[in-house]
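Contents: one structure, followed by commentary.
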């Protein structure tokens, strides 16, 4: 029998872009949203593309808030110009106090910015008319920007995949693997959205700490899946890594997973049929999300008329099941 | 000679993402529009991307209806605010009755929303002016949204492929296949649009019910095509699966297709040359769309000056032809 | 020595999507712009995507004409509604004749459509105000459409490749090909635009008529290139098909090219580095564009300070050169 | 031992699209921004797509300047038409001098172009109203164009990769390479932006002058990397070309790099996870950017709580290190 370190050493270490320094203190490497758990400093300063990136990826609530705040302050900025530099150049104002005057100017500014331009309030003279011209133009450019951002947010290819809460180790039998107590590592995915996902492909990485000459190093190994690609994600897909002779998990006990700080990193790619776009999704299961001895319960039912129904809420439903020693 | 079950068992079952539970009652698995014939429940609730997805994929009639209804109700919503909260803040109204007053307010609201702002009707006072400012802004954002949706609808890569109505089993001879009565499974596709389709690739799946230990299971097998990729879909393309020794259809009779609930699932991909976009199309032929003993009639004619003409209406034109037993 | 028909028969016929019916009367198969020289009838009727496709691919002159005509007639359509159904509901008109009245209404309509809404002309009453509301909204939607079309036109991935006017047969020596008088078929491409083309890949097809049992059939064969992919199209690229033992052109004389109605079909793909988009280009050389015995002159010069200059106008510059018999 | 020329001759010369004429005077082939160091003349004249290309790739400062200048001159152009052809057709003007009259006309034009149309200034008569209608329409089309350009600028897939300032030759040991003094050629990249780069792939080309029959020719060779693809660029990536028996750099001394006018051309491709877009980046190191005998210092630190921090400013930090002769 091979020794654990021999088995674990088989896969090349550095091809996954995470280096080989150990985390040591039990932090995960890949966050649940697929980003790396790494702090970045020394980034190049302000950059238009980074701002666009943020505006595309923030939540809708924040995005709408940003749009309104931006509109309000741009409006206010121009109001202050009119108020302090040419307060009497706005024709048609009706006011009884200085505050009402500013209010009228503020709304003139707003009517210029949105290009609604009712006309009761209108600019006279060279200076106010120039500023109003620039304001209208900036208003249109601002809404051109908003158009681009809205479209960018919508058209961004995003899969919404549902993952089972746990990755499990379940009894498993397959003609070609029949050594000891046959088990397999499994987790389940389904498409949370109504768009069609086709040509779905998966890669599962096994990451763990290893003691090399007294220094704890982070190691990575590829886990071979029984099926790595399906042509259509119509129902759910249970990804299965059989723990056979070749598996780096071959001799690990339940306790080892914690001690080795094990993390399973999932990388999925698919084609979104609606936009014919390639889609990428990442996820990870940390050792405390591993369930030893369980099996997934079915998500589909069939009615009498032959209709198949899938219940997405059952994605994480498991049943405990004992794994006997060989 | 191999037994049917042996032949049918050769291809792996679960790589097509449909599981292996039998339909039993004769419903098809893949709808004619390429979506899966599956009911989904337990979906995550309201989601912006799903709404966008719907607005992109509904018919043009429905889309235009949605836009008008949305515009009308947004308009009405603001009208009610003005009418109940600041009815006299709209300057320039001409009315003789309460209804006419509301009408004037409704049109003021409409003129703000579209930013046409003629100006006869215009807001006065802090409250009405603020609401009008917000309305104009929402109007512009709404049309920004409409711009994105219109572009999204247009630029969505969609092939419109014409398929022959029937999939046929025809006599067929080829030097390399010469056993028994040589036949082949065939269907025909053509490009319904004027854009150029290049690098067209096809995959044909054979799906059927099989009795496994008394339980009816759904099985899938890949059908090998004579040609799986063409570099340019200029005319029509007849896809041919020769029913030879290796074919899972080898020993099936006409009657078997019905009894096994046979379905042929077609997956085509191509590149739309106009937008250089990958395009995906799916279709399926159920057993009742299979024509036993037929051949396709030509779609092209050649005039005296050498011009080739293709008549797309002839895509499904077939001629009955007897298949003799060997 | 193999017979011509044997050599020509080596490549599979039907993988190029053009069928095998002969043109006979000397028309080319692929037009110079890469579209197929085929007439299509029986197309499905009016289709929104076809209209979009046309508006994206017509010339800029035609596109601008279409936009103006569309704007004018939409404007006119609404004018006629106001003029015949509510002529006196437009406030602020100044006119002395019926024609001037219509003119005023026409411009009111125009001011509503563009949402400029000066306000001198403004709608009164339920009917005119409703129509004006719809017109403003349609104006905005129309310009939303124009935005999408403009963006679609600009962002469409299009390579502009320059091809040499002629495809030539030139003397050619290469260590690995040394039979008889070594010649090669060559043509030259360069990038007409300033964007970077990378990973440029080529496929050359040889198409000719062949007499099969007394019927003239169209045959296709792949021509093997010395280099089929370059990683960067910085200068020009001369594509070379060595006419060696394996070439289907092995025994053809100058006269044969005409008699066989020979056409060379070129298919190029590349990545446009600016938008990271795949780009496809097709072209064809008919037998009358073949030059027997010529070589390309260099397009680049080098100044004293080491700067390399490429002159795109020299792409088709050739020099006659005698091909001696072996 | 093989002779240098033999080693250098192994890789095919012309597959990189740069031809084989020598630079001679020590100019680099590929600029640091990934464009070719080549002057182009004879380009086809004015082309809409080239203009779009320029407007997409110029800096933001220039872009905003172009938009304002365009707006100003379009505005001025229409002002001149009104002023000279129908000066009295603009109603509502207030002026005391000819200059003030022109100013009022200029602002009327501006109010039409932005469609703000306050209404104090408004067109009367057939001619002025027509021009104003066209101006409003052009204004909207202009902003439609600006929308497309803004979106085009933002959505353009651009990686911002940080490269180490120098390419270094460092001592290097690896079980499989153990001849002489083992060294390797190395450089380092990191992601300057916050978006996730996945499936990062690299190609490194070695380019040098070689004397062939007395003529200096430019030669190219591929440098084999230890790892050519990583699945996630989370931290930094040090690309390593081991200088072993098979390396074309095998027998080169520090002095040779200068004499051969050596240039290393880097081509990287990756997927930007946010937009699921393929991204291409090129760079080059000229011989004077090569550092003989150095090693990269680490960019990451680990805090006590296990958080990994990467400092992008340290990308070029190296330490001199002696390379002993074998």
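In this document, chain identifiers A, B, C and D correspond to the written order of the chains, with residue numbering beginning at 1 in each.
The rule we apply is simple: contacts are C-beta pairs under 8 Å (C-beta built on N, C-alpha and C of every residue); 3 or more make two chains touch, one makes a residue touch a chain.
It should be emphasised that the depicted structure is a prediction, and the values quoted were computed from it without experimental measurement.
Asks: Which is the least count of steps on a path of touching chains running from chain A to chain C?
Replies: Tracing touching chains, the least step count from chain A to chain C comes to 1.
Asks: Chain A and chain D are the same sequence; what rotation (0 to 180°, nearest 5) superposes their CA atoms?
Replies: 90
Asks: Give a one-word verdict, same or different, on whether chain C and chain D use largely identical residue numbers at their interface, taking over half shared as same.
Replies: Looking at both copies, the contact residues mostly diverge.
Asks: Distance from the CA centroid of chain A to that of chain B, rounded to the nearest Å?
Replies: Chain A and chain B have C-alpha centres separated by 27 Å.
Asks: From the mean C-alpha coordinate of chain B to that of chain D, what's the distance rounded to whole Å?
Replies: 39
Asks: Going by the contact rule already set, what residues in chain B reach two or more other chains?
Replies: In chain B, the residues touching two or more other chains are 111, 115-119, 121, 147, 151.
Asks: State the interface residues of chain D toward chain B in the complex, per the touch definition above.
Replies: 115, 117-119, 147
Asks: Show which residues of chain A lie in contact with chain D when the two form their complex.
Replies: Residues 12, 14-19, 21, 23-27, 29, 34-44, 47-50, 52-53, 56-57, 91, 111-112, 115-119, 121-124, 126, 129-130, 132-133, 136-137, 139-141, 144-145, 147-149, 151-152, 156-157, 203, 205, 267, 277-280, 282 of chain A touch chain D in their complex.
Asks: Touching residues of chain B toward chain C in the complex: what are they?
Replies: Checking each residue of chain B against chain C gives 60, 67-68, 71, 75, 94, 103, 107, 110-111, 114-121, 143, 146-147, 150-151, 154-155, 158, 160, 192-196, 198, 200, 227, 229-235, 237, 271, 273-276, 300, 302, 304-314.
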